[in-house]
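One chain, subunit A, appears in both complexes that follow, with subunit B as partner in the first and subunit C in the second.
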Partner chain A sequence: MIGEGGYQQSMNTLIKKKFHSIVGDDHFRDRPEDLISYSYDAFTVEAAPDLVLLPVSTTQISEILKLASEHRIPVTARGAGSSICGAPVPIHGGIVLSMTMMNKILETNTADRYCIVEPGVINGDLQVELAKTGFFYPPDPGSMAFSTIGGNLAQNAGGPRCLKYGVTSDYVLGMEVVLASGEVIRFGSRNVKDVTGYRLSGLFCGSEGTLGIVTEITLKVLPQPEAYRTVLAVFNNLDDSAATVSDIIGAGILPAALELLDKVLINVVEDANNIGLPRGAEGLLLIEVDGSEEQVEKELALITGKARNNNAVDIQQARTPAEREALWRARRSLYSCMARLKPNCIVEDATVPASKLPEMIRGIRAIINKYGLLAGISAHAGDGNMHPLISCDMRDQEEMERVDKAIEEIFKLAMACNGTLSGEHGIGIAKRKYLSMSIDEPTLNFMHTLKHAVDPHGILNPGKAI
Partner chain B sequence: MIGEGGYQQSMNTLIKKKFHSIVGDDHFRDRPEDLISYSYDAFTVEAAPDLVLLPVSTTQISEILKLASEHRIPVTARGAGSSICGAPVPIHGGIVLSMTMMNKILETNTADRYCIVEPGVINGDLQVELAKTGFFYPPDPGSMAFSTIGGNLAQNAGGPRCLKYGVTSDYVLGMEVVLASGEVIRFGSRNVKDVTGYRLSGLFCGSEGTLGIVTEITLKVLPQPEAYRTVLAVFNNLDDSAATVSDIIGAGILPAALELLDKVLINVVEDANNIGLPRGAEGLLLIEVDGSEEQVEKELALITGKARNNNAVDIQQARTPAEREALWRARRSLYSCMARLKPNCIVEDATVPASKLPEMIRGIRAIINKYGLLAGISAHAGDGNMHPLISCDMRDQEEMERVDKAIEEIFKLAMACNGTLSGEHGIGIAKRKYLSMSIDEPTLNFMHTLKHAVDPHGILNPGKAI
Partner chain C sequence: MSVEPAVLNAPEVHHCSKCGACLHVCPVYLQKMEEGAGPRAKVQLTRHYTERSLPTSEYLNNLVNCCLMCGNCTAACPSGVQHQSLFMRMRSYMTTDHGEGWHHKVIYHFLSHEQQLRLASRFARLGRNHMLKYLSREFKIGNIPARRLPEWNQQPFREQTPEEPLAEADSRGTILYFTGCGTNYIYDQVGHALCHILKIMGFRVEIPESQVCCGLPLFIHGNLKKAANNITTNVKLFNREDIVAIVTDCATCGSALHREYSNVLKELGLATEAAEKMSTRVRDIGEFILTNYALLEPHLNPETNRQKVTYHMPCHLRNGQGITTEVEELLKRLPHVDYARAVDYDHCCGGGGTFFYDHPETSHQIVSEKIKNARATGADLWVTGCPGCSINLSGNLEETDTISVEHILLLIDRALQK
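Let's look at the complex of A and B:
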């Protein structure tokens, strides 16, 4: 039975048995309570799959995809489910392919600065392993404690540190991928410089599982910096904090992180973490520099100078590694803190060139006020990656209409500032309806041409990314 | 008339007139002496086009491609023609699209760290413009004084500085591209973080003009470092110089450049430049560090320590900017110096992980000796990007057979070391026959699937890259 979109609407027992025989009892789930567990991510839309498979090898995934192709069954790969754009939600049913059992670090090679991992490896676990050898993997999404490298790759995840170090795609040297047909391809290598054939890593990063299932990833890693300095700069005016960011970036300084919080967020974070944030402040910058001891001291002096020039009322430095870690933990807790206020929290990530930051912040604040919403503004400010967090209640239809209107206005403003819809969270299902604001029709058609060439039956995560 | 490969073998006068009417008299070339000028690059194969067009706008290129598609005429884009893999040589005839008249820097924005250029802008000219504002564009291929940004993009060019700073694709934020159909697409943005739709920049970088004609490029730029230090470390044993490289990289130091030359090259460079290189040395490292004053001093001390531990017999520091520039000019003159010895010089760029460098250098030297060739070895050693330079005479068939055998053995050795066929020069026509050593059949088929989807009649630079 073929339904809307050409997908089989329900899977018959015979086909289920075939999938069962590929992965075996322990890696097969089809009880309703199991299916519900795989029906959502951190976005607001839910949809249950017909089947959940937890493969342990490339060979199994190849067999699964051959069978899924034959029967036109949608296959949606899933890491930790921490996406906030609905990317791993199986909106057309079919199979959720949970990659969590493929979680081995296959090799770490610090002499040649790479590691090879399976997609289910958790970002934070990889960091712990690398730290033992004095290395690190720069991309640090807020979810790093639980999100997987495969999921990070699918969304081309960023994070605070990406201001200085770049995003996931800057670290992917090679991959193994199972295509919709079940064929296995391998590209890239262990070499930072490699121009042999098309550069497919770039295409797969951020493609949200719509082009293939990634089964092995070779990542570039870096030596840990010798020293860090972490400071909080406090402002009585949000514009002053934004101007400080522009001044720092404009002066050619590249901090490891440059995070902005507004008063709403300062207070919800302090409510939850109780680490002494200045509740009366209108704007807060959390700034980190890294490098040699000499370099961090020098950059710190330049940065605090810029902050003082822009009327910073206080500048506090983390005195111990524990204090530093507490500040970062607080920053990473933003979403969960906001979620205490109302049942739902929508996080946007429109991104603009850094010089447009003050204009963008003023604009977002005005839009939030215009629609009477409860929202805070945070930003990976150094790279103009805005994160307005809007507290809301999905059951309140009137409020959700205001939220929708506000989001659309925020995107329009970002476009007017030469920005983009999403800096690091991805399109998923959350932003597909806005895509045409950012990508013109011929370009979107071109993306669909590529997708169709690679996945002619459209079984791979249908309805996402493009 | 359709010949081998399905392309029209000669263009009739009526079609030529249509192309003429698109670009006008001053931008149209079809005299034999003109065609010969566009029949070669710095590789050894020559083939004249039927027509050379020098468009000045995206609109003209769109019209050209519509017409070429209609008549199945091959179109090969060409920058400065400095490719060393035959990428811009029109081996199936048709049109050479010279991009040299689209050479405007459209915007430089240092506050937001990007610039927007037309593809015909020369890398060196862009560097001069950026230097005025205290910024630079890191990729620095040996050809940077004359090669174009469009050509750099098509080959995903690297260079010495790419050890620390990454290659061309690490700096491309967005593009405008004319497809084979004549349709114009635009993707990416001015934002470093951008996950809106597929990440097409990654795919187009290094695709050698086989997927589309790039007409505008947005590049990330960086603030110039405060200080440089440039040193020469001299060794009586090539293995010691290679071991020094491994030790530096293994210790977590990342110089801006780390170049190796063997005795043959030290002497040909000294013959041509007369800058006082140590003619008796077996190995030479040209090392540059950049950053803050404190950082470069510290790194320099660490690096010279590693060199001394590996029996460096002399370490000389460039005392003035002029001395530094002379050293780099000498390094960039390698190919032309080797070309003095025999009529031809074949430059390979097999690349291996840095720890394999000593093994690879010993192996290449053994292969060169085995086949009795006149060759020197240079390397962007920090990233394992080998450049054996083989002097030869294309008219000497017996010698060329030895050259071919040696190259194939070098590639086999690189593969055994987890390396790749090409680090930065590209595949073009030079290395297509070796592709299957590095890329398996399903993966190569996948690349051809993408190519066919995007360019169904195969008019864009046929016979290259994949």
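Let's look at the complex of A and C:
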């Protein structure tokens, strides 16, 4: 039976049997308990699929998509399910294609500076493997310890050090993709320089599984920098800390990370970690530079100069690797600290040009106060990627209405600052209703034209991204 | 029977933000690589069960019970969800819904009736030795070949020791020794080593005779009420002001006494003050020796045969008692030890109470990886501080393996000048 949106409404036993014969018992799940297990990510909206398949090869995926196309069954790819925008939630039912069993690192080649991985490889596992030969893969989303490369690619994930190094799409050299028809295409190569044909990797990064199922990824990797310097700059005025960021970026310095915390976050982090953060401070910058010894010393001097010019009341440098790790651990604990205050924690990621940072921070604080929310402001400040963290309780309808209104106002503010809806988390279900604020109609139509061309029946992750 | 209010009270489920941080630390998830095997799904399934959007089923029971209760998820959870308490409660509901197998019933019965356990251990000893003659080489208990199961003590350890405390003239104070079932019924030599070491360090060791099983195997499987008697008995015996410490040679018992007793009592709505007071004195023997190393050092014979040693850290030490680097530190200090860390020294062994019995395949995959990495260190001795881990690690070694498993106390005891 074909229902709303032209999709198969409930999968009959015969079709299920056909899928079963492709993957076999160990990779086929259709009991209610399993369907519930694949009904969520870290976003609020949940929806159970009709079937979960855990393929182990490109061939299986190709067969699955042929069959799904034939019967108009939605297919939603899923990595670790750690997305915070609902991207892997199957809101139209159908199949969830879990990529977790395709988790092999196929090749690491440091001489030619690339590696080839299956989509289910965990970002953190890849880092461990690369570190053995003194290399690293720069994109470092907060979820890197458990999120998959495939998921990172689908959301075009970023992270603190993307300020200097760029996001996921800057590291994808090539891919193997299964199209909705079941056809397998391969594009890109093992070469950093490659202008042969359209650069399709840019199209697939951030497409949230709406254009094809990625089955193999070739990534660029970099040698680890020789030296680091990590400092903490303390400000009595949040505007001063934001101005410091604009000054640093404006002077052409590109730190490996430039993270901002407001007073609320300084205090919740200090409550949990007890590492001596200045509780009275209004703003804090965590700044890290990396490179050669000479370079980091020079940049450090310039940065501390800028901070002092902007009335930094204290500048502390991490003297040992352990001190550096303690600072980063504190930064990474932001989410957990806020998540402990109330049952839920929403992180938004509207992004603005770095020069608009002071304006954006003032504006967000005003919006939070206006709606009486329990929220702190952090930012990957160097690239204007705001991360207001809002502690809330999904079960409190009245509070959630205030949260929604606040988020909408934050987006409006970002747009007025020449910003964008999402810097690194993606659109998923969460921000789809705001798309028109950021993308005009002809452009959105162009995206739909592309989508329709590669997925004419709209079976790939319907209702997401665009 | 288990506690049975109409609806499972599970406030924890609303604190799970579904972020996924628990997945990549869960030994079961890492083997199965599917969501249903991980802690996040267990929490969400519990939520659906509680909200009645998911009916109970045997399959749900299996999913909920396919868990090592190692505590890695809780340690990694940004939102502070206490998975163990939640799962304990959910398991008791599953037992109410589906009952438990006869073999589990037998185990739980004995662990909650010490007198009968003592008697049963004698039969088990005879049974093991007798049965082995008739069982095929391939016969397994869970994932462990029957031939590789340890022998039972001739006589329970607590009956071998004099009732009078082991006194020393220049006593540095009294230590209460919680012996645990592992030492009492299987590894008596570990108990003797513990008494010998502490005596040499100048302590007076007292072994309360009427102590009973710590109860952890009961309550982690949801048998909270059965465990309550064990807990109350032990707290009454061990909650004393006149002692230096309560030591355990078993990470699992240690975690029960140190942390879980008050949680279980709270679950049952019973008073927790005495258990909490007692818990502040509970020390793992490895950590205790390291802290008091100066008392041990003069007695260690530097001429003792050197051994290359690797270490397995029990989950119940790290997650259950917050002991992280101490035992490794102790190993590095011992004069007769060349310490070689295995890459996964702190990963779960896959034993997990009755997990090795209930889920032999998954358990075997987990322990095989451990064994591979322990062999790779080139060590000839693999020490740990938990009889449960010892049984599982040792039980899964091959006859041809040159590495053997031992409690760290035996290693220390060999270096004492006699």
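The working rule: the second predicted complex is superposed on the first by the 466 of 466 C-alpha atoms of A that agree within 3 Å, B and C clash if a C-alpha of one lies under 4 Å from a C-alpha of the other, contacts with A are read in each partner's own complex, and residues count from 1 in each chain.
FYI, a contact is a pair of C-beta atoms (placed from the backbone, for glycine too) under 8 Å apart; a residue touches a chain by one contact, two chains touch by 3 or more.
Note that the coordinates shown come from a computational prediction; the quantities given were computed from them, not determined experimentally.
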item: Contact breadth on subunit A, by residue count: subunit C or subunit B; value: B
item: Partner chain(s) touched by A:Leu179 [first = subunit B, second = subunit C, both, neither]; value: first
item: Partner chain in contact with A:Leu435 - subunit B first, subunit C second, else both or neither; value: first
item: First (subunit B), second (subunit C), both or neither touched by A:Asn385; value: first
item: Contacts of A:Leu106 with subunit B and subunit C, given as first, second, both or neither; value: neither
item: Partner chain(s) touched by A:Gly419 [first = subunit B, second = subunit C, both, neither]; value: first
item: Which of subunit B and subunit C A:Pro32 touches, first, second, both or neither; value: second
item: For the subunit B and subunit A complex, residues of the former touching the latter; value: 109-114, 134-135, 155-156, 158, 162, 166-167, 169-170, 179, 183-187, 189-203, 205-207, 223-224, 246, 249-250, 252, 254, 291-292, 294-295, 298, 351-356, 380, 383-385, 418-427, 431, 435, 438-440, 442-444, 446-447, 449-450, 452-454, 465-466
item: In the complex, subunit C residues that touch subunit A; value: 14-15, 17-21, 23-24, 33-36, 40-41, 44-45, 48, 54, 57, 59-60, 63, 77-80
item: Sites on subunit A touched by subunit C in the complex; value: 29, 31-34, 36-42, 54, 80-82, 84, 98, 100-101, 103, 120, 122, 124, 143, 145-147, 333, 335-336, 339-340, 343-345, 393-395
